[in-house]
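The data blocks that follow each hold one structure.
In what comes next, chain A is part of two complexes: it sits with chain B in the first one and with chain C in the second one.
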Partner chain A sequence: MDLLSNLALGFSVALQGINLLYAFFGVLLGTLIGVLPGIGPVATIAMLLPVTFTLPPVSALIMLAGIYYGAQYGGSTTAILVNLPGESSSVVTTLDGYQMARRGRAGAALGIAAIGSFIAGTFATFLIALAAPPLAEVALKFGPAEYFSLMVLGLIAATVLAHGSLLKAIAMVVLGLLLGLVGTDVNSGVARFNFAIPELSDGIGFVTVAMGMFGIAEIVANLDSEEKREVFTAKISRLLPTARDFKDSAGAITRGTLLGSALGILPGGGALLAAFAAYTLEKKVARDASQFGKGDIRGVAGPESANNAGAQTSFIPLLTLGIPSNAVKALMIGAMMIQGIAPGPQVMTEKPDLFWGMIASMWVGNLMLVILNLPLIGLWIKLLTVPYRLLYPAILLFCCIGVYSINNSAFDIFMMAGFAVLGYVCMKLSCEPAPLILGFILGPMMEENLRRALLLSRGDPMTFLQKPISATLLAISALLLLVVVAPVVRKKREEAFQE
Partner chain B sequence: MKIKNAKDFWAGLMFLAFGVGFVVVARNYSMGTAVRMGPAYFPAVLGGILALLGAVIFLRSFIIHPEKVGRFHLKPLLIVLVAIVLFALALKPLGLVIATVIVVAVGAFASHEFTPKATIVLAAILAVFAVVVFYYGLGLPFNIWPAALG
Partner chain C sequence: MKRLALWIALFAALFGAGAAHAQGGAATAYPGKPIRFVVPFPPGGPLDIMARAIGQKLTESWSQPVVVDNRPGAGGSLGAELVAKAPGDGYTLLMGAVSTHAINPHLYARIGYDPFKDFVPVALVAEVPNVLVVNPTVPATSVQELVALAKAKPGYLNFGSGSTGSTGHLAGELFKSLAGVDMVHIPYKGGAPAMQDLLGGQVQLMFDNLANSLPQVKAGKLRALAVTTSSRSPAMPDLPTVNEAGVKGFDLSTWFGVFVPAGTPPEIVTKLNAGIVAALDSKELRERLAAMGTMPPGNNTPAAFAAFMRAENAKYAKVVKESGAKVD
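Right, the complex of A and B next:
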């Protein structure tokens, strides 16, 4: 049994003391920033990237992954207790979770969210272990044309799922691609778009972009809309849901897990889409849907399982193809590159300990989240009362130190300030920054593969349509675009995001 | 013609400007051919696409549903930017401790709930934290105190 021996290898890595420690640190930090308003996993991972340089690669990736799914978890805690989603993927949880809390059932809501997430996480971990090797094998056959088309699909999928205007999301992707091209062109050695500034000939660091657009710009946006947070301080009497709760939500957890796992695999998919879809599904299949929005436990169990499953399976495209499906994954690719690992299908064969260790650590991390967080909920509630005015100067400082320490260069801090302005302007104009970051990471990769593909085909662009895999990927991209532009779906999509 | 959607009006202009800008700068580099692309090829094509998208978004803003741009809060933005820039300038000559105090103290002005006492305490705590974690813990190469003193 290959699967079992692979998982055994993975667990032997994940259970090493140092990796357990970093997994623990990751999920704890993830939960913390998930709970805290105004700072998300993207900014946190960006801040920690320079630090990961000093760690062994496995530990670094285990910690970063832990931050990502820990944040999902912390996000749902605030969604239930304060009616504020800590992360976008827990928006749906506010609908029924907060209502449950208002009825004095906060404990049950938190409990079922944790248990549902754990079940979903377990399933998704095994799914990754099962699906990754065959996918990586397919990916090894990929040539430059296939890679190019795959990236097109990934970018299109990311724009389709962005909030708001599709056109603006596509424009943000293209802008990101262009910004990614700044710096020395690898083929000709010509320094492009550097305006004779020596620091720019190495390109713009993506940590700089991410921190400016997510970290700093978000601080400014939060400062101009200081809302008062009302913490739900009612005593949480029992955390364990009752037997009846379990019976009610078993179906929802199962459906959420399956749906979330499937949607997470899509490039550009992941936790947010999974949660929305699961909530809609629960409402559809429920015999009595009248309690939804008023504190139905299924409205918590379904989406919470789905977003965790989706968060896990969205690692599949990253691990097998080296293609990031969202901003967090893009940063993890950055972390791999810092460690000198080229992300892609070869990681599994060349570094099996890293690959399987990371997968096993996800399960370990999920277990930690359940064990840790149930007793720690009191602490998280306390943290919610930390006023933002004490929080944001610290974030500001960490962003500055983080960006500076990559190259020990003050210029990078100035660049970050520039991207903060761009990020703030984009927010005001309802242009999502996430597609830009994705484009930024993929820009150089796309150019490289486009060049190689056209070199091989002697300049004939039909090569993208003549190769079956590439043609299929492009067809799916076109279909996705068509589907979104079609008026019926467009209306549905707007509704889904407004809910 | 009246602008209906101000957000798209400005967003369209911004994308148009970026697109045109990239195309114009790319003209300094060689285009090459599709078989052997020069450094200008891909950015010029993308810049063209971006300019086109920007133009469409711009023109559409005259016909689609109206939307106003939310108030642009210049004060917090400027204060935060000044804090960041001062940190960058202070870090090497003045050291981590003073730079931290500067970024925290200046940055704190951006909030309308600013209180001097809380800010001083916060700056002190963060300065200690930064030195312990980043200098001793992670071994990042900072000056802690002004270079002139060391």
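Right, the complex of A and C next:
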């Protein structure tokens, strides 16, 4: 039983006092920075990099991994409480999580997010332990053509995110695609739509858009009408989810976990898609989808489970191939190099204590997150009772610090302010920002992969149909499109889109 | 009128004295306050790691904090421009690279600084070979076989790179022109996705930086054919150079080094050079540089670094022009 002995080795490493301490420090710090809007794990880990130099390699990486998934979790907390998604994956959580909070059910939303995340994290961790190397091979089968088809599927699914007008949702997706075009073209190196502003030559940052359109626009809207906040805090009845909540969420958690685990393996934005995909799935399988977007607990449980499962399985390419799937992983590679470890396929065989220790520590870290966060829910709820006139300047301040910290650039703060105005206008026009964000994230990736696939096929578009995975994904997209459009054809618009 | 002249003279005297004082102080009392070390790339890369390690050493020996300031954007141009406009007092350093100081000026029509006029080179930190790696499914075990394969099947081979205008891209273009073969450049957003597609066999080869590819080669996931420098790498002494393997005149590497803004007093440049060279010579940094596969350092003076930079600029002016990669 290799697996058992490997896991035993892993846990013997992860449960050492010093590693437990660093895991705890990591998840605690991660939760805190996740809760502070905009201050992400990238800035934190960059600041902590010199510190890791003095730590044993395993402890250093355990701590950094803890910061990462702690921040993922903390980001959901702000998404639910104040409509501020700190990470791209928590954009979806704002849809129903924030609505639940407005109905006084913030505790239930936070609770189900914690529990769903834990279940998903546990499953994903064991999946990594069982099958990381073969799964990494599967991920390598995803070339540009496959990624493009996956993005097509994602974009079509995006229209389902909206619970208002389909036309407006499509308009917002397109606007997001356009914003995503800003920046240097990967193929030619030409800067597009940067108006000779050097700061725009790398495109617009996700956090800048999300903070502006969600967080700050929401603050402006709240200041518009005073009575809104009263409703917010007055009705909080209980902190934890009810038995009925659990019953409602069980299926969502299961589906979210499976979907997130699968998509998280893909380094090119899979983890990102997981939450969006889970939300779409929940809305489509629900017998009564009328409450989605108005505070349906399944709309929190599914995506939250998916994003945590995805966050865990996204370690697979890093651990088995030495390929970082996002900025945080790139920093972890840096930390490994500082320690004299060459990140690559050999880590698994040459440093089994590091490999299995990290895997075991992920589970330990997830357990710590639940233990840490369930009691914290009460504290977060109390935060909502802080008078808004004190709360919103603090949120504004943290947003500015957070956005600044990403590139150490004041320009980004002004850009965030611009997006806040756009967000407020959209809110007044009842255009939802979530489809825009999805278009904004997926658009550039889709274009990049489309052009790369065509470069590789020497311009032959049939490549998308000749590759089996790509063809399957396109077929599912066509099917989904049919599901969305069919009700229109049957002239049942009311039923389909006024959900 | 007379009074005005008097005032001017008085001011001139005051400022002159002040400047003289500052210069006299600079030689003896530098550094008298914290130093900002600008890294024009995001944290975590080899440049950033080396900047932090050097900063730590300088902090220890000069008892003044050296703070790394990441200013990523526009392929390193944003950070370089920032330092170009900073005062030349020795309190702002730049970790420049082959991209910021040899490639970008030829690649981009508009750039906010001049690598020669706006900077004084201080010390070369590392010169790392790129390595020609192929996916193991490619039926070529040497550079000669690869050239033969490319000639037998024109347009069959794809080479990936971290971005348009990177050393990986330009090495590929140089290879195409020197070996007379046809390959298609597939640019990526960074080295990681490019490596992923190389491992997955979507692209067949890459001129990757050595440190990055070494673990994959050791694990048998990639096959190394040659290094791109004019001499072999101490990290892989058995691997021939591209030049040795028959593509004559091929010499290309990735390097980075420390620059200060133009106008920095020579005494400060000398002191910085001595401090950085001493840091690079410490046991820890030597080990770390060796792990990156760096070339053995030669005579590391500001003058030698300046000469190296001029040679590199001349080389890339030619390579960029021939590759047609120029961006307007």
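Throughout what follows, the second predicted complex is superposed on the first by the 269 of 499 C-alpha atoms of A that agree within 3 Å, B and C clash if a C-alpha of one lies under 4 Å from a C-alpha of the other, contacts with A are read in each partner's own complex, and residues count from 1 in each chain.
Heads up, the rule we're going with is that contacts are C-beta pairs under 8 Å (C-beta built on N, C-alpha and C of every residue); 3 or more make two chains touch, one makes a residue touch a chain.
All figures in this text were calculated on a predicted structure; none of them were measured in a lab.
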Contacts of A:Ser188 with chain B and chain C, given as first, second, both or neither: both
First (chain B), second (chain C), both or neither touched by A:Tyr404: first
Touched partner set for A:Pro375, first chain B, second chain C, both or neither: neither
Which superposed partner A:Glu199 touches (first chain B, second chain C, both, neither): second
Which of chain B and chain C A:Pro468 touches, first, second, both or neither: neither
Which of chain B and chain C A:Arg458 touches, first, second, both or neither: both
Which superposed partner A:Thr54 touches (first chain B, second chain C, both, neither): first
Contacts of A:Gly17 with chain B and chain C, given as first, second, both or neither: neither
Chain B versus chain C as contact partner of A:Gln346, first or second or both or neither: second
Common interface residues of chain A - those touching chain B in one complex and chain C in the other: 50, 187-188, 190, 408, 455, 458
For the chain C and chain A complex, residues of the former touching the latter: 42-46, 48-49, 52-53, 56, 69-75, 77-78, 81, 107, 110, 112, 155, 158, 163-165, 184, 186-189, 192-193, 195-197, 199-203, 211, 214-216, 218-219, 221, 287-288, 291, 325, 327-328
Touching residues on chain A, where the partner in the complex is chain C: 42, 45-46, 49-50, 139-144, 184, 186-191, 196, 198-199, 201-202, 267-268, 317, 321-325, 327, 330-331, 333-335, 337-338, 340, 342-347, 407-409, 448, 452, 455-456, 458
Chain B-touching residues of chain A, taken from the complex the two chains share: 50-51, 54, 165, 167-168, 170-171, 174-175, 177-178, 181, 185, 187-188, 190, 192-193, 216, 219-220, 223-224, 226, 387-390, 392-394, 396-397, 399-401, 404-405, 408, 410, 413-414, 416-417, 420-421, 424-426, 428-431, 446-447, 450-451, 454-455, 458-459, 461
Complex interface listing, chain B residues touching chain A: 7-8, 10-11, 14-15, 18-19, 22, 25-26, 29-30, 33-40, 42-43, 46-47, 49-50, 53-54, 56-57, 60, 67, 69-73, 76-77, 80-81, 83-85, 87-89, 91-92, 100, 103-104, 107-108, 110-114, 118-119, 122-123, 126, 130, 134, 138-141
